[in-house]
Amino acid sequence: VSKTRVAVLGGTGYTGRELLRLLARHPSVELVAVTSRQHVGVPVGSVHPTLRGVVNLKCESLTAEQLAERAECVFSALPHGVSMEVCGELLKRDCRVIDLSADYRLRDPNSFAEWYGMSHRDPEHLGLAVYGLPELFGREIQEARLVANPGCYAAAAILALAPLVSGELIELSGIVVDAKSGVSGAGRSPQAQFHFPECNENTFAYKPGTHRHTPEMEQVLAQLAGSPVSLLFVPHVVPMDRGIFATTYGRLHGRYSQEDLLELFRSFYAKAPFVRVRDEIPGTKDTVGTNYWDVTVRVVNGRVVVLSALDNLLKGASGTAVQNFNLMYGYPQPCALEP
Amino acid sequence: VSKTRVAVLGGTGYTGRELLRLLARHPSVELVAVTSRQHVGVPVGSVHPTLRGVVNLKCESLTAEQLAERAECVFSALPHGVSMEVCGELLKRDCRVIDLSADYRLRDPNSFAEWYGMSHRDPEHLGLAVYGLPELFGREIQEARLVANPGCYAAAAILALAPLVSGELIELSGIVVDAKSGVSGAGRSPQAQFHFPECNENTFAYKPGTHRHTPEMEQVLAQLAGSPVSLLFVPHVVPMDRGIFATTYGRLHGRYSQEDLLELFRSFYAKAPFVRVRDEIPGTKDTVGTNYWDVTVRVVNGRVVVLSALDNLLKGASGTAVQNFNLMYGYPQPCALEP
Amino acid sequence: VSKTRVAVLGGTGYTGRELLRLLARHPSVELVAVTSRQHVGVPVGSVHPTLRGVVNLKCESLTAEQLAERAECVFSALPHGVSMEVCGELLKRDCRVIDLSADYRLRDPNSFAEWYGMSHRDPEHLGLAVYGLPELFGREIQEARLVANPGCYAAAAILALAPLVSGELIELSGIVVDAKSGVSGAGRSPQAQFHFPECNENTFAYKPGTHRHTPEMEQVLAQLAGSPVSLLFVPHVVPMDRGIFATTYGRLHGRYSQEDLLELFRSFYAKAPFVRVRDEIPGTKDTVGTNYWDVTVRVVNGRVVVLSALDNLLKGASGTAVQNFNLMYGYPQPCALEP
Amino acid sequence: VSKTRVAVLGGTGYTGRELLRLLARHPSVELVAVTSRQHVGVPVGSVHPTLRGVVNLKCESLTAEQLAERAECVFSALPHGVSMEVCGELLKRDCRVIDLSADYRLRDPNSFAEWYGMSHRDPEHLGLAVYGLPELFGREIQEARLVANPGCYAAAAILALAPLVSGELIELSGIVVDAKSGVSGAGRSPQAQFHFPECNENTFAYKPGTHRHTPEMEQVLAQLAGSPVSLLFVPHVVPMDRGIFATTYGRLHGRYSQEDLLELFRSFYAKAPFVRVRDEIPGTKDTVGTNYWDVTVRVVNGRVVVLSALDNLLKGASGTAVQNFNLMYGYPQPCALEP
């Protein structure tokens, strides 16, 4: 059976590492290139010691033209702002692209400019982009040439709120998303804040109300609701490697029991192989190392609290990216995503 | 100068250990007894290796009568339900009592029965109890014979909301308190959930809307507001020893800037030696090992988010207990509470 | 293609969980039963939430006879002392057995009695047992009916010393093995010592010179050396979930450079797919989640220091068990062991 | 009573922070200055949020002349190589100096040059330096004008071996020191290796046989033994903030029981207020936040294993520095060092 030729751009960060790990065990993938600006010529196994002997490629610096010759499908784990420069060129050369950066998530280039502080440099392809949450947009993803893979927090928040806003069960303003993330979400570059003795045994909030995943949450939820959605998103860092726990608060329009809402979630996600609707409250550790999003629901005095967990590097990034890839190429969704 | 003779009941848990550590360095305290049901005859330094050579007492089993003979002031770190049995007897014998359990926090014995699943066994002394938050009730604490030391989460939530509800700046219903606590808050008894390999690298919520610190938050805030307050409190466990980060969400009645609210907090807590109102967002680690409560405020679309941190075993328990003791006996508030 | 029918005994601990996870993704395995004494009737996904939807079996209580009817090969993750009672019966019924307990590791039943404080109850099968380190005994494992899977520390220490004692490069007495393990090595039962607030931010040694993995290290190394080997083994617990870092000290008989010894290790393990001889010092994290044993060597003043790392639950237990299974049934060694 | 005027040089790292914290609670200290090259004009409470409201000074840039005018005693927490430039000038101006850098630890400037890769720039004061381990050199420290505070690992290793080499109980060559340190030992500057997601859940060795604390261990132990001592020191990093666990291996000359050696240690350290000789094995957590060094001893087949723990920032640095200060100025040793 012929394999799909795949390249990974920006393979030296944590999402890059997880992508490479998953693609290396994908039976229908031939990994043909890994790019890096800083580590040209360095073996992947030196950049990621855990992948020594697993991925036997060296990091390269390649033009879009060279990439398009080698690969049918390209995953970009480049930083936002950088990614769109390459992705645009790849799309022109008929590569299919799964972009893990933020560059194609917001449909409105003005919104991108506002939240990311730079003008969009590939607006012509924005219209092609499908938001890469397979649980909501699986059909569109199958045909997509360009998938905008969700932000890690956005994946958790949107999945938590989708059944509620789709069914008009909650007020569309005043939603609160209080999320707690492991430190790998901050990337691989050393910073004072994430120096072990600063960050270990420490919990803190950052960017309350101003985090860049806010507009993609609001955009996708508004699309599902058919009306504008406004939410207050406050992310936190907790001292662990991986995992996001999202606690989402909404006001119910009517009287629903916990069991009503669990049933709603079970039915809404009945065909989603990586959603586990549970009676008990999940912990992030139940999901780390897997592509699952675990969720439960509680009702308190007319409020609904959705409590959910995922691995920020897998279901929140590279796992979903591979799931999107599987949809695009007709492979079973769980392929290479076994825990 | 004569010292105050002090005993600690239930000295073998984490709050007991911190109490003993602080009292051992208090220049005006003579520590006369430590009790324990399980470790009678065992030196404190064996129960708490860190206190070897610091506290040279053995754990004893003592009646209220014996305690009252030896000690003028008794700190109780006994479990709720057990504490009130001893405290009542001590009060009858003219001991002053600082109770770290929940037994005297709720004024209404019916509310106690409802939340704690047992009837109150010392209702006659409930009226004596002063809620032991020195930042709010310092004057009453000075004269108190019985101080009900706040719950760790309650301390954080009440301090965060007091300036806002006192000044009627926010709606009194619909407040959300999303708190993240280190594991020492769960006590010293081994449990599956807090076994290291289960709890490390894990974050999860528990008892959403049903945690027992909820009624004391609502009671004290209602007292400050002069009207009922209802809040939705969701605690979480994060993988660290100590510290609570509390994120508190309210709807503002009017238009206030962040600077307005910071100024309100600075002025409200101007005389509180252990409150640090800060411009930047604190982390729990800034407060661990200290008796400080660090706080900042943000305004987002008509909402106020109060972000605050404290050490659950100090400002959230034993540190505040010693601060209350200092007020009761006329010692400077920071005595023995230097970081 | 027909699959091999496999059962797991004692599937509710950490090694059981990892076994189940690996077997669930093994393309040639049909998992037919999981046993547990305590959780009969409980779905695996409730005992191990991470395996919800991955392993769809319930825990059962089965006799050896029932097991032998269903399964061709049985992995036992039962405690030592218990395992041999079942394994003996399974062997009589022609099951092949991979025993992760200590019961068949020591050839001499007297040595077992001395170190484990109980007499051996299945001495008749001791002679069948092959010590399950595929890097050293791969050929014997292929034919084995009974594999005694190594202790986690023993795996690390034996692999570190095998090239040196086989080639008579170091003195056979006076070897020091100083190992540092994550907490999952202590099992899943809550204990005071491993309660998160006790064990987090803590490092300590235990059982210096008396740990039960000592005799299997000495037995296997003596077999390789052709002479008795005596070593001083001191294990330590460090605050992390998984991983063993083993630092092994020996006196060199002759003058060897670091490069000589690295070359020796590379050549000794040339055919071992899960050994990575590296120039730089590995960290446990390079190996966690994989079946690799990473190693480097340093020479200091006539001493050799072997520095190596592995995942105690994979290369130190369940990963090696599956590798042994692959050898026994002729599957490629890395099958189901991709990171 | 008049206080001693004290300055801290290089107050922005972790040892600086702990020094400031301890000095702020010292009843006989007037803290007159904190210097920093990078943070001139910045309040200490901004550099170290935990010290907000505790130390109310700003970081300054001061010449030796200015320092000598203000302070009688100066603690230097400057990096090695930098410290000696200032300390020499301070000594000429009659300041007493406690240097926490490595600059005055080695008596032989050639040894300094060899291990630190730079020539010594203040050799004239080397002869004045007293090695600042109060348990061994208390009398000399009382009179010292210049104290060379020990390296954190050196403190642990020397205390562990001093009773054994002083009494000629062990062979002076072939000693192994295997130490495990928390990450704060690596300082406050962010580095890839100590970025939280790299360093968390990871254990590794570094600089086996080549760490710079080796020569000070050998120098001080040789002084006690009256003969050269050679040891093999391998430090490790474990994922915790603070604490060193040192496992020290030696060959006994004669037959000693564990109790013999515990008795030796108890007697050797009978007058040392911060040594706790224990029957059971200590953990680092027993000592963190205190100035204690906890130790026990085991005998295995003619070998002695000394197992000990301390807080690398306190007993391993700033705590011992304050203890030295107390000796120099006639204050009780434990002053400001209460846990």
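Per-chain residue numbering starts at 1, and chain names A, B, C and D are given in the order in which the chains are listed.
One rule holds for everything that comes next: contacts are C-beta pairs under 8 Å (C-beta built on N, C-alpha and C of every residue); 3 or more make two chains touch, one makes a residue touch a chain.
If you're wondering where the values come from, they're calculated on a predicted model, not measured in any experiment.
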item	value
Comparison of A-B and B-D by number of C-beta pairs in contact, larger one	A-B
Matching chain pair for A-C (criterion: over half of the contact pairs shared, by residue number), options A-D, C-D or B-D	B-D
Between chain B and chain A, distance of the C-alpha-averaged centres to the nearest whole Å	40
Chain centre separation in whole Å, for chain C relative to chain B (CA means)	47
Chain centre separation in whole Å, for chain D relative to chain B (CA means)	36
Set of chain A residues in contact with two or more other chains	182, 198, 200-201, 239-241, 282-283, 285, 288
Chain A-facing residues of chain B, complex	174, 176, 178, 180, 182, 198, 200-206, 208-210, 230, 232, 234, 236, 238-243, 245, 247, 249, 251, 281-285, 288, 298, 300-301, 303, 305, 307, 309
Footprint of chain A on chain D - complex, ascending	14, 182-184, 188-192, 194-201, 239-241
Chain B to chain D touching residues, read off their complex	21, 24-25, 49-54, 201, 273, 276, 278, 282-283, 285-290, 292, 294, 338-339
